[in-house]
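Attaching a single structure in structure tokens format; questions to follow.
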Amino acid sequence: MCSRCRERCHRPRPPRPALGLALALSLPLALAGCEREARRLELPPSAPLAAPSKAGVLYPGPYASAPVRVTAADPVVRGQRVEENAYAVSQGKRWFRWFNCSGCHAGGGGGDMGPPLSDDRWLYGHELPQVVASILQGRPNGMPAFAGRISEEQAWQLAAYVRSLSGQLRSDVAGGRSDAMGSGEPEQRREREVPRPDAAPPTVR
Amino acid sequence: MATRIRPLQRRPHARGPEPRTFAAAALAALVLGLLPLAAVAAPPFGAGSQDALRTGGPQAALILDLWRLLLAVCGVVFAAVMAAFGVALWRARRGTRDTPPELQGPLRGEPRSARLVAAATGASAVGLCGLIVASVLTDRALARLPLSNALHVELTAHQWWWQARYDDADPSRTFETANELHLPAGRPVLLTLHADDVIHSFWVPNLSGKKDLIPGRTATLALRADVPGRYRGQCAEFCGLQHAGMALEVVVEPDAAYAAWAERQRRPAEPPTDPQAQRGQRLFLAGTCAMCHAIQGTDAAARRAPDLTHLAGRARLAAGTVPNGRAQLAAWIADPAAFKPGTNMPGHRYAPEDLDALVAYLETLR
Amino acid sequence: MPSSFRATIAALTLCRASRFERRAGVETARGRPAHGIALLLTVAAVLSATVHGATGETRVPQASQAASAPADPADGGWPMATRDYANTRYSPLADITPANVATLKPAFSFRTGVKHGHEAAPLVAEGLMFVVTPFPNRLHALDLARPGAPPRWTFDPQPQPLARGVACCDGVNRGAAYDAGRVFITTLDTQVVAVEAQSGRELWRRRLGDISRGETITMAPLVVKGKVLVGNSGGEMGVRGWIAALDAASGRELWRAYSTGPDRDVLIGPSFRPYYAADRGTDLGEKTWPGEAWKTGGGNVWGFLAYDPQLDLLYHGTANPGPWNPEQRPGDNKWTSGVFARRPDTGEAVWFYQWSPHDLYDYDGVNENVLLDLPFDGRRRPVLVHPDRNGYVYVLDRASGQVLSADPFVRITTSTGVDLASGRLKYDPRTEPRAGQTVRNICPHSPGGKDWQPSAWSPRTGLLYIPHQNMCQDTRVYETSYIAGTPFVGAEVKMYTGPGGQRGRLTAWDPVSRRPAWSVEEPFPVWSGALATAGDVVFYGTMDGWFKAVDAKTGRALWRYKTASGIVGQPVSYRGPDGRQYVAVLAGVGGWAGAGVTHQLDARDPTAAKGFAAAMKDLPKPESLEGQLYVFALP
Amino acid sequence: MSEPPADAVPAAEAARLHATWSDPPGLLGRLASIDHKVIGRRFIATAFGFFLAGGLLAALMRLQLARPQNGLVGPDLYAQLFTMHGTTMMFLFAVPVMQAFAVYLVPLMVGARSIAFPRMNAFAYWIYLMGGLMLYGAFLLNVGPDAGWFAYVPLAGPEYSPGKRVDFWAQLITFTELSGLLEAIVIITTVFKLRAPGMALHRVPLFVWAMLVTAFMVLFAMPAVMLASTGLILDRLVGTHFYNPGEGGDALLWQHLFWFFGHPEVYFIFIPGLGFMSALLATFSRRPVFGYSAMVLSLIATAFLSFGLWVHHMFATNLPELGKSFFTAASMMIAIPSAVQIFCWIATLATGRLWFRTPMLFALAFFFILVLGGMTGLMLASVPLDLQVHDTYFVVAHLHYVLIGGAVFPLFGALYYWYPKMTGRLMSERLGRWNFWLFFVGFNLTFFPMHQLGLEGMPRRVYTYPAGLGWDGLNLLATVGALVIAASVALLLFNAWRSARHGEPAGDNPWQAATLEWATASPPPRANFDRPPVVHGREPLWEAPREPRHVKGLATDAREVLVTTVLDAQPDHRAGYPDPSIWPFVSALATTVLFVGSIFTPWAAVWGLAPVAIALTAWFWPKPHETDAHLRMERAPR
């Protein structure tokens, strides 16, 4: 039953004694809590995405033919599941470090060789599937294509984490501070940066 | 390599509904608890290979001696107390609800009881002091393990595997391995312990007591393994989902065998010659594998997962939890979560011929 | 400044060279080597064609009476980024003096239209000024003879855009090189292009590296004996460093020397005679690394090269080892963070000295080596003066590689000195990074006491003008994966202002008495090069957009001008076709220190741009992020 | 019923007292109750409820571990199970149930009309209940904490425990701390100021002494864990760096703070158990416990020493040798006061007249189990040996021997013993014996093999283990034992449920015991004693009656209690006593909203304060009629 609940959850309260009514009312809210907390440890493995053939080196983006496949029913539903699941977002944070995303975009997403991810500018779109596409396909100014190099689930988790860097996720799903040197406010404390509508990929910076 | 490998169809763990509620789990417990469930057919490690009572080196032996002493002393004390208790019960008069309470004795004072209690207390204090001395002496003996000519190994614990770097004064002779330590029999080893993420604890009971690996701190542990054999160690501090699946194999072997092993570990992987293995190597390097694993001699140099340069030489996969063999390797690559739910390695639905090639390549990494 | 000192200074091979040239009756004023007749002849021909009329001769050289006069002032050009092989950045022009510098006015300017950090030095030759921009590395030739110096041509090498994303510290370029009618540029995507100076026609181009592995080129090439010398960047991407020599005429690769790996790759042969025992042995570039770490071990060559014609030695530094996390590479990590002396003809190594063995902090060893002749223990010695990122000004015997002195020019907490007997840097264990721990109060910070920004040497004052930072940092290293094409750093860094409260300084360093003569403080790191002139004026720029002139002797502020963007470029001075002395500089903030502004990084993340974005968050956003050339002259 | 006391109070006076001390009617009246007996019963029932829940979790774990590579429970649920089990047993059962018994018994045993600070007492109960319900509500919604009851950082920190699971744990600590600290204050004040006249400190029953010592320990130990859990929740929610070594924090700081509380906590579970033992042994040996002063001093010594042992939970971390030796010595030395008490009890048994009823059986089992647990405790105190058995099943065995042997066996005995006082009916002796023997056998079957398992290398907190390491048989045995325990507990429940209706009527003093709670009716009247007793010795009901026997002059038409002096219990003054109030319940509710809200936003600590402040203001708002009544009585004492 938990896996089916998709209601937005803001503040689940515990059931109180002799207050069945309150319990009934808080049930849907509380159920959102179980979506947030589920640890989907045994997801079915996904088939590797078609990878560019060059061994050993990340394919320089854009690799437009990398399909952004969605194995769940549709990308929105799948995205919500990832973005409402604290464990998935925290795994995304793990991959962010593992796959050297933090090397280019800095530990807190403030940017370095790559553009910042914690601000309101999105060069290639801020919606979750767009971010997934940017990760898997790569982008022309240095962002390599990760298709075939990370699993699809990892890409979705990464994208959800990336969106949490600018406060796009609910604060009870986004991560807390890292056990590391501080790199800005923890994701859950970040104000949502409203994506700027006019942001478009620049031709030459 | 004609045989085609299929990933194990049977999952070692029943996959319960997720997430479970308490009620559902309780129900499942009643229904399933008594049903026989399939376990992967792992060749047994052997009873006693992770056992503080079967020692393979002086550190564990010292502790075992202390254990025997404490067991004897405590056994005697326990027996004495129980005897006193039994005698008291045996000899005491019986009473009922209507037995008038005895108030006179307590009011007068009971010198005999007082003497006995005082004597027993005094004896306990003396015995305890003896135990403290024995404990401190053992502790000091443990700390005095001679470390000249010690082998230095840097051990880093990750969720949920062990990374080992064998140090050498000559940096080019250092090498890395994972989840399987080989130690020369009779030569002391100084382990430098780090933790990458959360607190873990290094424990090979046959060889020594445990030591925590704490992020932000460095600890050392000295031990010596005298008796050749295969020992099993396991993380002893709860470290998350796969705490139970974070084992470590320690192979203690004679000096010559160790030296040969170490020399082999120092060599980079040979480029594969067999076309199938070559294809597997391409898959490895162009796919997800190289994003986390390293194979010396190739472009794969990631450090998030065990170094696979000599994977085929190890007895087990997945931090000592899965026996190493073609079928298991294939099954593990296809769906690691079936073996270790929560593992950070993703599953792969490779085409069968790709999986074959990949496994063929990994099998060449001796 | 004691005059006795000035008298005893025998600056540079150049002066010998120029004397020789004068004897030979050839007019060269750029301190060009006297070797290579063909080269000389070309130079002479070009010069006579360029320097119109008698401008060169009409001016009386100020320094002629002094033995220290480094070059014939007749030539007012600026053919390479640091002006001469000795890396002095000294202009013999003396029209502009402390007395009149206050009247300096903009003469003309030129917009590059590019937004990266403009770290290049404009070059002047053949009556043209050559301005190479950061990525996309366009080369503009401005016609100095015409009013307002309109562009004569523009060359666009069309580098791959991907290169921008793999350049560690902004897609900068540190300048071109002019030689014999050709201009050589490097592009960020690892190409070297030769362009005909007068026409802008491409003569040849050669790709030297693989950007998909993160390899780039940002350095200014150097042309020595008909060879274009160039090295790669990418130490933050695990790129193995090298320096290569290309035939200036054809672009054919003549040799390539790696900074790590077996001796045959490093071009270490029988003639290799390092001064210190630690550098002797076979295949140290492999044996001082664990496993195959040397393959991704950095040691890139991206700083300014120097050449001593007399000894026929090419000097180049090697950059930091990769990754930054030192725990992943136990050992001395040869041949990174050091300096090589090589034969330019073959690339053969002659000696090596390692500034920072087993570098712990990204202290690249590529800072400029200024070749001087200095008195030491009563005799004049050919030395190499090198202000290193690790905070010491080194004086080395440039024939042998012996360290003569090493003195701190900034506050240093990472080491306690250099042991002159073994040549070894004495690290302070208290600031040694260890995985999982945050090490605080690391001074100087990773860009060092001084980064790439070149110093200037004035033989008249005997002072080395070092533009530098005064910053410290906290570092936390962690184990990192090598994934080709992604960063290979393994460190998080938070930077902050060093002691004293000012982030930048221009220090005039006296290498003989081994102490600073004076120092000027700046609120932001002085990320521009310095320029010393024979008029005893020193020029430098600041990141908040001021172009400044100070008195070379005292450091007294003389003049300043606000440009539209921060200055991280290298000022130059030349004599225009009209005979006047000009001073030129590129404004256009950027580089590592300016990346926060240039790329609008999020300074709320203290680790953005490896700590520099947040440490510079009060850097005012400039009027324009686009680069602009400013050229000044007396009215 | 024994014969009515000679000086029985007139029925009218008794009725007036009853009316004065009764709760208001209806649901609201129940929520408003501040009667310590009502609160105490609820407290005990609630704690037993959590005990059952925690036990079910344990049974589930044992089923999973019955065989190697079992697939019943996955790692995620298993982590929640053992975390919930530990948290429940330590924070929701063991400590509260002791305080619950104290809430019920201490006022009766010291001969008081009621408990001190009754509204605070009610508030503490409600907070405890709501905290527990919050935790179980969270668990049922898959938000059960999963980082262990010890919640070691960094695993429990923000990076490695995403979501709200550990936040609920940390907030549960806040709930139980608040409740525990308030109860400690209530108990200390009751013991110090509300004792019957004449009950000088040297006449206080040993059980009351034990609870007094425990309450002081709670006062000193709980702030450490409150600090620790506040730091944890701030780290997780606000991004502070208390436990972040990267920013100057320290992961070991958590362990020090936690065990500085955690080790004394073991003793504030164990010391009330000692109190139960003394009460049971005296009654069923038909004599006072031998060595009253030694017993009291041992209790106090145990309490002191227990604060010096915390590091023996941390021997495997990198500690200086000298420090470890010190903690070894301290850990062994604490055995001495415990030994003194055991020797005194053996002397009591040897010289008493033993009456083997079910409570006595449970008390006698203590000797076998606790002494065995104590012996393994000595082994764990030794650094080298601890390095082998720490975090293995040996420790699981040890701690269950100590806690179940030292606390649960006496507690079950206490339940059988005081059940008639609470309900007026005795529990079935036959079922009681079955219950005892099943529990005793099941317990040893479950936990004794674990010693061997630990020595053979089986670590704790593993959701499964491989076959072939020689652990299979003993694990299966332990699981069988666990099922036997489950059967025994079921029998206890059945016995309690059935005896409540069909049990043999108990009368005032079914065991012919000596302490004051047996001097009143079973169950006691609303005012506890129709006339509060005056005490002349340590064993008031066993000694010959002396005059004056009762306190006279306390009002019957108004709530009034007698306050006595701390040392000698001389009558000091009469104090007005609060009326029942709904506001403690409402305050607890508001506090719950604040606590739970602050799991989701730190701003809840701001807006959540408003309802709490309103409820507390209403709680303390002076009621004119109460004030008038108290003033009137002060002016004209009856």
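Some notes on this structure:
Letters are used for the chains, namely A, B, C and D, taken in the order the chains are written, and counting of residues starts over at 1 for each.
Definition applied: a contact is a pair of C-beta atoms (placed from the backbone, for glycine too) under 8 Å apart; a residue touches a chain by one contact, two chains touch by 3 or more.
This one's a predicted model, so the numbers in the text were calculated from it and none came from an experiment.
Farthest chain from chain A, judged by C-alpha centroids: D. Chain A and chain D have CA centres that are 45 Å apart.
Mean C-alpha position of chain C lies 74 Å from that of chain D. If each chain is reduced to the centroid of its CA atoms, chain A and chain B end up 35 Å from each other. One finds 54 Å separating the Cα centroids of chain B and chain C.
Among the residues of chain D, those touching two or more other chains are numbered 74-76, 141-142, 154, 159-160, 245-247.
Within chain A, contacts with two or more other chains are made by residues 2, 34, 37-39, 41-42, 54, 56-57, 98-99, 179-182, 185. In chain C, the positions touching at least two other chains are 436-438, 476, 478, 480-481, 483-484. Judged by the touch criterion defined above, the protein chains are all mutually in contact, each touching every other. Looking at the complex, you find that chain D touches chain C at residues 245-248.
Chain B meets chain D in the complex at residues 12-16, 18-23, 25-26, 28-29, 32-33, 36-40, 42-53, 60, 62-63, 66-67, 70-71, 74-75, 77-78, 81-82, 84-85, 87-89, 91-103, 105-106, 110, 113-114, 116-117, 120-121, 124-125, 128, 131-132, 134-136, 138-140, 142-143, 159, 197-199, 201, 203, 205-206, 208-212, 214-219, 232, 234-244, 247, 321, 341-342. Of all residues in chain C, those touching chain B in their complex are 238, 286-292, 296, 328-332, 434-437, 478-484. On the side of chain C, the complex with chain A involves touching residues 114-116, 136, 160-169, 210-213, 236, 438, 474, 476, 478, 480-481, 483-489, 492, 494, 595, 599-610, 613-614.
Partner chain C is touched in their complex by these residues of chain A: 54, 56-61, 97-100, 103-104, 106-116, 118-119, 121, 140-144, 180-185, 204-205.
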